[in-house]
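Take a look at the following structure, please.
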Amino acid sequence: MTDAARISSPDFGAALTAGAVPVLPFGALEQHGPHLPLATDTIMADGLARRITEEIGGILLPPLPYGQTSDNAGFAGTMTLAFDTVRAIAKDIATALKQQGARGFVIVNGDFGNQAPLRQAAREISEHLDLPILVVNYPGMAEIAADLCTTEPAGLGLYHAEEFETSLVLHLQPQDVRMERAVAEYPDYPATFPAVLTGLEKLSRSGVFGDPRPATADLGRRLLDRLTTEAVALVNAFLATLPG
Amino acid sequence: MTDAARISSPDFGAALTAGAVPVLPFGALEQHGPHLPLATDTIMADGLARRITEEIGGILLPPLPYGQTSDNAGFAGTMTLAFDTVRAIAKDIATALKQQGARGFVIVNGDFGNQAPLRQAAREISEHLDLPILVVNYPGMAEIAADLCTTEPAGLGLYHAEEFETSLVLHLQPQDVRMERAVAEYPDYPATFPAVLTGLEKLSRSGVFGDPRPATADLGRRLLDRLTTEAVALVNAFLATLPG
Amino acid sequence: MTDAARISSPDFGAALTAGAVPVLPFGALEQHGPHLPLATDTIMADGLARRITEEIGGILLPPLPYGQTSDNAGFAGTMTLAFDTVRAIAKDIATALKQQGARGFVIVNGDFGNQAPLRQAAREISEHLDLPILVVNYPGMAEIAADLCTTEPAGLGLYHAEEFETSLVLHLQPQDVRMERAVAEYPDYPATFPAVLTGLEKLSRSGVFGDPRPATADLGRRLLDRLTTEAVALVNAFLATLPG
Amino acid sequence: MTDAARISSPDFGAALTAGAVPVLPFGALEQHGPHLPLATDTIMADGLARRITEEIGGILLPPLPYGQTSDNAGFAGTMTLAFDTVRAIAKDIATALKQQGARGFVIVNGDFGNQAPLRQAAREISEHLDLPILVVNYPGMAEIAADLCTTEPAGLGLYHAEEFETSLVLHLQPQDVRMERAVAEYPDYPATFPAVLTGLEKLSRSGVFGDPRPATADLGRRLLDRLTTEAVALVNAFLATLPG
Amino acid sequence: MTDAARISSPDFGAALTAGAVPVLPFGALEQHGPHLPLATDTIMADGLARRITEEIGGILLPPLPYGQTSDNAGFAGTMTLAFDTVRAIAKDIATALKQQGARGFVIVNGDFGNQAPLRQAAREISEHLDLPILVVNYPGMAEIAADLCTTEPAGLGLYHAEEFETSLVLHLQPQDVRMERAVAEYPDYPATFPAVLTGLEKLSRSGVFGDPRPATADLGRRLLDRLTTEAVALVNAFLATLPG
Amino acid sequence: MTDAARISSPDFGAALTAGAVPVLPFGALEQHGPHLPLATDTIMADGLARRITEEIGGILLPPLPYGQTSDNAGFAGTMTLAFDTVRAIAKDIATALKQQGARGFVIVNGDFGNQAPLRQAAREISEHLDLPILVVNYPGMAEIAADLCTTEPAGLGLYHAEEFETSLVLHLQPQDVRMERAVAEYPDYPATFPAVLTGLEKLSRSGVFGDPRPATADLGRRLLDRLTTEAVALVNAFLATLPG
């Protein structure tokens, strides 16, 4: 794996010339309950991107530690970027990669709120920049969680600071997890959710959606293995469509 | 020191309530010759911000690993953000901090190209957001380099991948420095530089401006000490102006 | 029901004062195979919005006959608006409604590509305009189709010019349907779809995704009844949260 | 005539290939006194565009039912779009038409406030898109009104909900006119009007500018005939300049 | 009269406090045939604004020497600003005036192409800035020309480098007029003009629209007197509406 | 020298065809203490640009009398343009010059606040417009002041309404200087200046930074000579890089 942050300019140029595809983890600084660090989404996106990059021989770009996360803005420590800022960051980096001769561009996204602006950026990159782009959003996550986790999900697609995420951080960065503070919380969603935008602080006092208590580092390792398998299959399908 | 990336939401809230001021390192992914890593500006900004935050009891925000660096766009590995993207990132984070009750905001900038957009963002934050903001750009750098470095600077304010920067990275992240590749290069500036924008690849084949060869980790430590002293004095003067 | 296009200014004012909530159908001009009219999404959104408005005693606003539909831009007759244009239209109308004293705002969206810009507009309307807003996207559609349709869906959430949509238009505007041209087409999705944006003309020669041939007006009526039931429940839940 | 909303994608493509030119009616949702419907401008623009399209064998695009109408924003039911939104809509549709191979583009505008943004859009379409465009704003309206109407106009170019407009709607959509409510009102313009922007609600309590009472459907038919004659002459002159 | 460019900050403040209203001439750098200077519109706007300011005891702001003039972009020396740039300039200056306590703001516009962006700026200034604003566009110009000029106008409202404008510049800045080069040119307008935007270089080889040859400085003085009379009446009506 | 404001369109075209390079003075309307006119920056930029243009046989464009000067917004008479407005003006004029065939473009800037937006505009002009551009910001000013002025500068690069600027205006436009009001003021800068943006009204009651009292027209002439020498050397170096 080539870690762009740690190599020199000529080494980056050589990797690109050899056809290596850049992989950008996009995270967030966002509340994840009382037991997980604010960087949780960044840690997970970086962890998955690292695994993908190893498998495909790509170039790992430094992870974006901020993202669009306004649904969590009611909790301390959440620093949300605007929709248009996330969109601009993705487009700027794609523009630079195109100028440098990249064959394609993969973004590994770890934050729900980034999905829409990255999708829009990908549309504009495809239409105006002629750079093939793939955005990876934890492929197969719901199925993987159902297969491997022991607790019920909070529903409506929300996996937040519960067994799945907590296990991943226990595997990737255990020193920043405070399991003694872990609490379970299952929100009672109003009938208008998620059709009406609702600050998540109105749905969960703790900021947790689900039950993190059974989480383990070993489960985290197995979850990451499965995520990696799914993601690498998708990325390889993408690579197979690239010219050159 | 409080490292926002590694703590939980309630801990961030407690630190902010106690009056701790957030400090954001703003870096870049930019060529730094054949011997320094692309993340050099981020490493240095983060290193200085970390020291400042320790001294003032602040909150360290995760460093931005991309910045405006179009002057280096002709070198492999440089990923420049647009002027308006850097400006938007700074304003978004300031907006979030204001909403969360921060008393003030400090940005520690490690990249020359970020200076103008951060200055403009600071103007708009001051005028529209009512959040006191200080942007720190390596205060006293030229004097400190003159005092402690052994080689001549490249002139016109350019300290790039030479003794100063190389020593800092040798101190902060030595495993990513390839000293055996270090070369000296002193550009012959055209008369129109810097009044006419010029791609730096036209001025230096290696991307180095100055002489990195005598750099040492020990010098890096002493340089960082001096930078920290200057910066902390400035930040403390800023803190003294804050309400509450 | 109050049809804003057909009543006078004082009558509109009286309805708003009485607490009636405006309902905006958002459609598109978009290919729907060889047998359905380009206005299909507008016809369906207007049809559903009309039913909702009758049930809740709301005000029906004139339907938007254009939307974001760039995935279909490779087919003749598709006229796509930009993401930001859809977002601006929704925000402008919300601004006008707020100024006129509306208690809330409901958008009934009939086009897949409008979902993201309307979601973003709703976020900004919530944050900056203090007007409660609900965006309705055919609630329960997949379940309703599974219950009532006789053919298999095309998969990946794509219901386009098939039994479901064709039946609805046969019910709402039969004179514009050319059933003798109806063909079935089940795409063979590439592994990268939908993670990589793909022009739909590359997936279906006819522009149909599924099988429209068994569609009937009677099925269309029953589908609309079910959609209406689901949508009215959601809208009533929304209305229950409004002040005044 | 080809009505784009009602035909299928292949039929639209065939019409465009045969050289038919698309015609877009641009209306507004705007107060027109106590007796005319809010959609009056849309009804008139659509009525005229329909006649033009028949005469030239063009393609009628679905009418925009909203426009820039902020001068009437003080009256209930007026839903104004921003200047830049009208401009963006026109440019987006022009962009789509250009991509699909249209030879030219005609907009039939029914709302005073749309004139400026459509003019600016036409400038940008001409300069950047290489698509010939004609904006038709009721050509010869003042002369036609002077010839055929029996009442005095309100002056300063304002024909609003009076004999001219009321007759047209009586001809085109009589079921939405409440003639028993029709009142005449002749404003006493301040000396600064129209040089200083003035909410029209300050000039006319009823929202009427002129006298609608003698309006008849028959007069409406004759007015539309005359408008059509003038407009078709202009459009034909435009078509004669198109390549191909 | 107070000429803002020539007085000091305290004197400007005193004038504003005394209630003097600022008057901004907005010109253009635009072709005016072979005999008039490129600054013609600026010279005329400044000349009229100067007279108005004297009459009302206002503050003359420095004239803008550039404007929106893209219809003339096909002629050498025309430097057009974008629509949005003219709009932004007017709004920025209005914002500054509002912050400094101005009671109102008068713009004297000398360029046809500025009319639309200044109108739009005035709308936004009225709505968002709470600063009364009047834009003066040569009031009564057609009547004054008909009364005092000896030659026929070129029609369609075009008075460009002909007797009217040439006389005004002969009065205001005679040293920059080359009467020996003056030629008459009466365009043969195509039927689509002005509904279709047309570069003026396609209508007049010389850039003149009308006949400048009989122009005299004495006529220019009388034209300016009449323009001043009309404009001052309008401005005084505006001033009568201001608070304070 | 060719003064664009005063010549006709054909004469401008001839000068450009002959290879003359356009020179744009960019000024500001900004407080300069009780003794200097608000147009001081414009007077100086125009004076220097005039001298440069004479020396190089260029084309003098009309000076922009407004600029970005928000640091002085707390003083009466300062009319600041936004950063983005200055940027847009420079880009619009560059676009027009490029279309007309200019070989290059020189801006002579007289206002500190314009430096950043003109720098950014120059970057965008270089990257997107393929027009070589040079921005001249009083080259060698600090050295020239040190050589020729008799009073101490106010420090931190601030030369505002003191001996240097006052002498230049005494030379260029003496009738607008009120020397009897001239006062000296040496601010006591806070430790956070200029890292924290500070309204200059908080640093100097008079708006003067330095001592204007010894200023003379003769010194102004010598200062302008020196500035001209430095600037012409720079411009000639720029011209030497131009094609054609």
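Letters A, B, C, D, E and F mark the chains in the order given here, with residues in each chain numbered from 1 onward.
The rule is short, and it goes like this: a residue touches a chain if its C-beta (ideal position, glycine included) is under 8 Å from a C-beta of that chain, and two chains touch if they have at least 3 such contacts.
Everything numeric in this text was worked out from a predicted model, so none of it was measured.
Asker: Would you pick out the chains that touch chain B and also touch chain D?
Answerer: Touches both chain B and chain D: nothing.
Asker: What chain is the most remote from chain D, judged by the mean position of CA atoms in each chain?
Answerer: Here the answer is chain B, farthest from chain D.
Asker: From the C-alpha centre of chain A to that of chain D, how far is it in Å?
Answerer: About 49 Å separates the centre of chain A from that of chain D.
Asker: Report the inter-chain centroid distance for chain A and chain B in whole angstrom, where each centroid is the mean of the CA atoms.
Answerer: Between these chains, centre-to-centre, one finds 26 Å.
Asker: Can I get the ring sequence of chains, opening with chain E and turning toward chain F?
Answerer: Order of chains in the ring, chain E then chain F onward: E, F, B, A, C, D.
Asker: Could you please specify the touching residues of chain F with respect to chain B in the complex?
Answerer: 70, 83, 116, 119-120, 122-123, 126-127, 132-137, 139, 190-192, 195-197, 233-234, 237-238, 241
Asker: Help me check something: in the complex, which residues belonging to chain B touch chain A?
Answerer: That would be residues 4-13, 16, 29, 31-39, 42, 61-66, 73, 75-82, 84-85, 88-89, 92-93, 96-97, 99-100, 175-176, 178, 181, 207 of chain B.
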